[in-house]
């Protein structure tokens, strides 16, 4: 039983965080970029549990699961081109 | 050296969670549309809840379960926000 | 396999936190859209929090909450440092407030200029 | 082109700084002196099982007061930036378009979401209250509970975008809880050791819900303040989206 499960798990989670950050910078679609930034926040919360800081993990969970995405979505909705969206609608 | 039934269960769960995380990240990277990425994030959130529960068992602290409870109660909000955004509801 | 066992967990988190800070900074410097710049800022925020939490980790430590699993008499040998946790806990909430202020600035700029590309917002350039 | 080279040079320099920091890093094997003091004396002095709560509320209480102030200023800044102009005149064409736009935006949610709101919203609010009342026993506290309550508000705004949130109620609750927080701090200075000292209420049995002196009280006020401030921020953004040229409140 010498498999270092916790270390492997941390490597996978940190890889997920970096992939999320890279996608958030590189993707063209802004909605996808916001969702990818949400992935970084999600895995960061698990990393805090691994590092034995459940208070921080709880804060990150309650803030990152909904509120950040919501504020970004409001801002995107407000600043997208109205004519283009109404043309798309009809 | 004896391996108890609980150890085997934990190892199987860890392997399944590893593969779920890897497949979710793959879908997030190649997903051509925004909706694919949203579904990937939803999958990863559910997997994250399972992972936090497993970590709580492994560390022997039932107190970590509160973080999983937060995710269980609030995780649908991000997906709901993106869905309402896509149908122009917010 | 032996090196992997002795590899400290907090070092992995520290490295990825620094890489995430660099990624966010790269995004902030190269993107031309205001909301994308704010996304880069929020990535940098997450990276800084990861670095700060990993500095407070003690090898084999558990959460600084005293109950049946961690007794009061032997707590100082078992728990991790509570001070960085307390700092990061407030920093996350502050980060949300700062992001909200930046996004409301972006909305206001869009209202007056009808664009968010920073190449076109030139009248206050020096 | 030259700008890009500068950017990469700067990132490389920062990477070198970070690499030096990482190369000399060794994981801690024991607590630092300050943390040692907090862990050894915290439970007897403060009476809180969660040592992070003891640090946040009492040992570093002044920092928390500053943090709440920063959050208040940012909420007020969002309100100032997204306020609506009252005497704004607009020509006919714009008004027509905006009326159509408003009719487009207010697409109501489906039956499932509305029913789920009635079922789930009380549970989310109750869980937020649980989190900030148990802040001294389990992970959690005022900031987490406030964020969960604000998530409940966000759920309400998602399901029923037309719903009305009283700005007067938000303002009154927010100012009252901030005022009570400072009053408790001053009471600690008068009746116990110093500003935000929690020991002027007798700390009951260790590990009970009503123990640890004034910590549940302080966290209740912080939770209410944070929750209502974040709800106010969300409401401001929502109002900004929904009506540009409607009649002002």
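For the reader, a short list of remarks on this structure follows.
Order as written gives the chain letters A, B, C and D; numbering starts at 1 within each chain.
To be clear about the criterion, a contact is a pair of C-beta atoms (placed from the backbone, for glycine too) under 8 Å apart; a residue touches a chain by one contact, two chains touch by 3 or more.
For clarity, every value in this text was computed on a predicted model and none was experimentally measured.
Contact tally for A-C versus B-D: the pair with more C-beta pairs in contact is A-C.
Per-chain CA centroids place subunit A at a distance of 12 Å from subunit C. We define each chain's centre as the mean of its Cα atoms; on that basis subunit B and subunit D are separated by 25 Å. Distance between subunit B and subunit C, defined via averaged C-alpha coordinates, is recorded as 21 Å. Centroids of subunit C and subunit D (each the mean of its C-alpha atoms) stand 17 Å apart.
Each of residues 59, 63-64, 66-67, 70, 74, 77, 81, 88, 90 in subunit B touches at least two other chains. Within subunit A, contacts with two or more other chains are made by residues 6, 8, 15, 50, 52, 54-55, 57-59, 62-63, 65-67, 70-71, 74-78, 89.
Taken residue by residue, subunit C touches two or more other chains at 10, 15, 26, 56-57, 62-63, 65, 67, 79, 85-86, 89, 92-93, 96, 100, 103-104, 107, whereas all remaining positions touch fewer. Taken as a contact graph, with one node per protein chain and an edge wherever two chains touch, the assembly is complete, since every chain touches every other chain. Subunit C meets subunit B in the complex at residues 62-63, 65, 67, 69. Subunit D meets subunit C in the complex at residues 4, 7, 10-11, 14-15, 18, 21-22, 25-32, 34-36, 38-40, 43, 49-52, 54-56, 60, 63-64, 67, 70-71, 74-75, 77-78, 81-82, 137-139, 141, 143, 147, 207, 226, 230, 233, 236-237, 240. Interface residues of subunit C facing subunit A in the complex, by the touch rule stated above, are 1, 4-5, 7, 9-10, 12-13, 15-16, 19-20, 23-24, 26-27, 31, 33, 35-36, 38-40, 42-43, 46-47, 49-50, 53-54, 56-57, 61-63, 65, 79-80, 84-86, 88-89, 92-93, 96, 99-100, 103-104, 106-107, 110, 116. In the complex of the two chains, the subunit B residues touching subunit D come out as 63-64, 66-67, 69-70, 73-74, 77, 80-81, 84, 87-90. If you check the complex, the residues on subunit A that touch subunit C are 2, 4, 6-8, 10-11, 14-15, 17-18, 21-22, 24-25, 30, 33-34, 37, 40-41, 44, 47-48, 50-56, 59-60, 63, 67-68, 71-72, 74-76, 78-79.
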